[in-house]
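Several structures are given next for inspection.
Look at the two complexes coming up: chain A is in both, with chain B in one and chain C in the other.
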Partner chain A sequence: MSGAPGRAERLVPWLVFAGLAAAPFIGFGEGHALTLLARAMIFGMAAVALMLLVGGAGLVSLGHAAMLGMGAYAVVVLDHAGIVEAWIVFPAGILAGAVFALVTGAVAIRTSGVHFIMITLAFGQMAFFTTSSLAIYGGDDGYTLFGRTEVLGARWLEDRLVFHFVCLGLLAGCWALVEALLGSRFGRVLRATRDNETRARALGFEPWPYRLAAYVIAGAIGGLAGVLLANATEFVAPAYLAWQRSGDLLFMVILGGLAGPHGALVGALAFVLVEEWLSHLWQHWRLIFGPLLILCVFFLRGGIVGLLRRG
Partner chain B sequence: MAEPLLELRALHKSFGGLRVTDGVSLEVMQGEIHALIGPNGAGKTTLLHQVSGTLAPDAGRIMLGGRDVTHLPMARRARLGLARSFQITSILPGFPVLENAALAVQARRGSSFRFFGRASREAALNAEALAALAEVGLEGRADAPAAALSHGEKRQLELAIALAMAPRVLLLDEPLAGTGPEEAERLVRLLSGLRARYGVLLVEHDMQAVFALADRISVLAEGRVIATGTPAEIRADAAVRAAYLGEDGA
Partner chain C sequence: MWTPGRRSAACPRASDAPIVARRDAARDRPGFSVNTTLLLVQVLNGLQLGVLLFLIAAGLTLVFGVMDFINLAHGVQYMLGAYLGAALAAATGSFWLALLLALPAALAFGLLLEFLVFRHLYERDHLSQVLATFGVILFLNEGVKVVFGTAPMQMPLPAGLTGGVPIMEGLLYPTYRIAILAAGLGTAGLLWFLVERTRAGMLVRAGAANAPMLDALGVNVRGLFLLVFGFGAMLAGFAGVMAAPILSVEPGMGDNLLILAFVVIVIGGIGSVRGAFIAALLVGLVETVGRGLLPDVLRLFLDASSARQAGAALASMLVYIVMAAILAFRPAGLFPVRR
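On to the complex of A and B.
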């Protein structure tokens, strides 16, 4: 976070939210477009949470997809038990992400730098293989939900437009939460431990309680995103927890820019939309997508939102 | 005699076969500037590292306000009233100048596990932080990014951070290093005015400043304290002249 964001940059999240709110009414209202936007918003939520870790605490996690996986599998476990009520499913998914983050974070937070990347990757892979071996929930093949989560018995979330605005509301909520956290006393300590850990210690701040708290909060938001992801696809598979997905999330954060959680919003949208566009353009689209990402790292040092600073 | 604020008892530290701290004992009283001098490689910074908690001594004890802090981590010692400036400036470059000091105030003012409310707008924290900046003469730069300060200003900021912590003991590792003569003079005046509030352990190469400031001086050579006394006593000490002052021509 170098310097305060300018006025143009402050507008970014509001433009994103306004655009997403208007999208169904300006030609993106049919099924495929809404599915794509829901996917972008859900990954946006996870990316905003990851931004709290990467941009706030300087903790580069390569296991964030596991948090989504916990939320998604919480939906599966409850669905299997015949529980589809939102007031149970959503808190359970959030709790699953938070508990997984607490248990793995308590170990991972003891390390830093490359070791932290490796250990979060290892925990993510453990979760991946665990879900793969859960035969009762479909193992490798995944699990098809009977339907979306119900709200007090009503099947509101089946309506694509309702689901669109639920995702948008929660995305805006997560963004506001992370934005508030980073500016709070807690966030200031977190940023200080990233900026200069020795100075933070010399001021009297032991970094680990702050880092662990941030990790658990990011896990909780990841769990929430997982619940929505399961609902968006009505299907959950171990692939949701694959490390490639964690890498994608990390890339969204860096692509958007580390100046604030709005960078993660922009990054997630750009990533999902460009991925979709390219995959229609050419069968071997990954051959373009890969180098494109590399070019972004080289030439967009401050991410996409960093462009607003120079101009 | 009153209890010392900071007391080192027979500290030992070796790196392999090299004894960098060899039975050092000294104390810092309330209202006293205790200077630590000695040739390069005498072990001054290593000693400060042990006091602040960056390095663990092999043997001996460190007492802060009568409490054994030998095995406490750096952050705990800081909360018990030990503030340190580093030989290589250590600030928060990504923060505005004011927030560098405000975070030091925050560390001792209520919980930092507050998740809402913008910390940078907490008037009580900012007022104390600004007062600390004013003491070192940086109040005009409060809103600048800390990374944009000149070298001398960063030294001032580091001192302001230490003051904002409202510590009992200040450990200053070469606060004058790299400052111009005018800045140095200002800092000497400032430090001299501060002594009543704290106990200060000062490591400094500028002998003029040391002899002007210190109430007591300990001379370190090859990890051992070879003399402790008032500036006048140290100036007159034959062993010190042989080990250090004579060669330096100070």
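On to the complex of A and C.
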């Protein structure tokens, strides 16, 4: 969070993207590995968006999974209506996330600190219970899509390799967007209101339009990630919106480090891969994962990318 | 990643409401409809959920108020209480013995967690506290699966509180649920006395209003906090034991109630026991009565099946709508602690 990133740290996102691009060709090309990587990239996208809120604006949202859920359920609603065209589905998902963020953000931004955590949690729970009660879309049991989204009638996304690179491209795009936003005047105002709201006000910057804009952008990226998540699993359930999922996303951001959006990238990859590895190791892997999380909070204060600074 | 436990497990509501003998009070007494009877039962159930919520929220709000510490793991104290109660009841064969043993066990466990994890977090920001205590939830939810198995456990009703009490003509309400209500209100009264009328309580209130000042005046705030923390853990454990006979005891049962308890302390004003009490009853009533009545109310405007669907959705959301509305107008809650 402090100081400019060093040279080694600047390389991190490019190494991550290069690694992900090369992965299918260096032994991670079979179905399960690609599914896992797609999952990591999708959560990476959501984590990068959450990083804009937590790291950029100091807004700790415990309801970010709802944004993904909005995108995913936009896919479901359109799928149910027989619409699977990407040029409709993707904008609809993004819009769903953004509109949800706009409506809930308008109320949530009025509060700060713990109250913000709690009110975002409350809105997340509202979304969760709404989707649970949508009987035509499966209610609690979820909804299995007829198929993946089509691009101009072609079923490109069915191909694992194509889907891998679509996810990678969009992840890189989201990262670049958040990186650019944080570096811009907009990002500097956000950080100013985070660090000292009174002083920012005195300088003539009313915080809430900036915060709300950041919240809506994070919601839009979350919606996009939700569309991809629905496509990756071809199944959508209210569990995607559970508050524990929001907790997971927060952990990804912190695990990677709040130094910049590349921290969220690293955090999401590390989270999904460690979770996968542990769950294969032992049925009760959460007995390891929970303490691991606690230890990370105790000792890994700058996150994984923070290690690069001291080392 | 896991899915949240079934909601019904955490929140008593109309569907698992007591067996009520609805022997057509309406027919015998004109002008007194079945709906009134149902409403009465739902109000009682709502109050009962309210007192359980209060037992959990009281510890949470004081810990939060005094130490500015968010403890997401407070809900697992409730779960542990229920598990300890169920296991001890199975081992000893007596509800009362189990209750007597479960309380110190819950207290000891709370203090152990404080020693191992929480005390390293007081100086940290809220985000770190949320994450680390989230880790504790993951660990303990899995831990009870390993120790007690994944199947829900049952705890028998205590001897002597098994039957029903006729509270109205043709309406039997289970004695045990009335006992919960009485025990909860009794504990609330005791807590009021401790907080408002004793020296330790005065220090706790002072700590919630301004902890650094209290520290500067020479009071051992850490020690005071340990007291509050242990007491809060025990209250949550007590709520767990009380709820065990009427709910299924299962992993994750604390999570949903924890969220409701947070709603309670945010509505009530963080650090305020009085606020927590009123907000807990409000949330309990809104949650239970809304669930029972909303589908009927919506049937006035919609056809039966959409009314049922929309009513269920709206009822689940009602608590959160109330909270969002209250926060929108009073961002510090109903009874903010003056600083």
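Here is the rule we go by: the second predicted complex is superposed on the first by the 311 of 311 C-alpha atoms of A that agree within 3 Å, B and C clash if a C-alpha of one lies under 4 Å from a C-alpha of the other, contacts with A are read in each partner's own complex, and residues count from 1 in each chain.
As a convention for this text, contacts are C-beta pairs under 8 Å (C-beta built on N, C-alpha and C of every residue); 3 or more make two chains touch, one makes a residue touch a chain.
The structure displayed is predicted, hence computed values, not measured ones.
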>> After the superposition on A, what does A:Trp282 contact: first (chain B), second (chain C), both or neither?
In response: neither
> Can A:Ala192 be said to touch chain B (first), chain C (second), both, or neither?
Replying inline: first
> Looking at the overlay, what does A:Ile294 touch: chain B (first), chain C (second), both, or neither?
Replying inline: second
> For A:Gly113, is the partner it touches chain B (first), chain C (second), both, or none of the two (neither)?
Replying inline: second
>> After the superposition on A, what does A:Gly183 contact: first (chain B), second (chain C), both or neither?
In response: first
> On chain A, which partner's contacts cover more residues, chain B's or chain C's?
Replying inline: C
> Where on chain A do the contacts from chain B and from chain C line up?
Replying inline: none
> Residues of chain B touching chain A in their complex?
Replying inline: 52, 54, 73-76, 78-79, 83-84, 86, 90-95, 99, 103-104, 106-108, 111-120, 122, 145, 147, 161, 165
>> Can you tell me which positions in chain A touch chain C when the two form their complex?
In response: 54, 60, 62, 107, 110-111, 113-115, 117-119, 121-123, 125-126, 129-130, 132-135, 237, 239, 242-245, 247-248, 250-251, 254, 275, 284, 286-287, 289-294, 296-298
> Taking the complex as given, what residues does chain A use to touch chain B?
Replying inline: 1-3, 180-181, 183-189, 191-192, 195-196, 198-206, 209-210, 213
> Okay, in this complex, where on chain C does chain A touch?
Replying inline: 1-4, 64, 70, 117, 120-121, 124, 126-128, 130-132, 134-143, 145-146, 255, 259, 262-263, 266, 270, 309-310, 312-313, 316-317, 320-321, 323-324, 327-328, 331-332
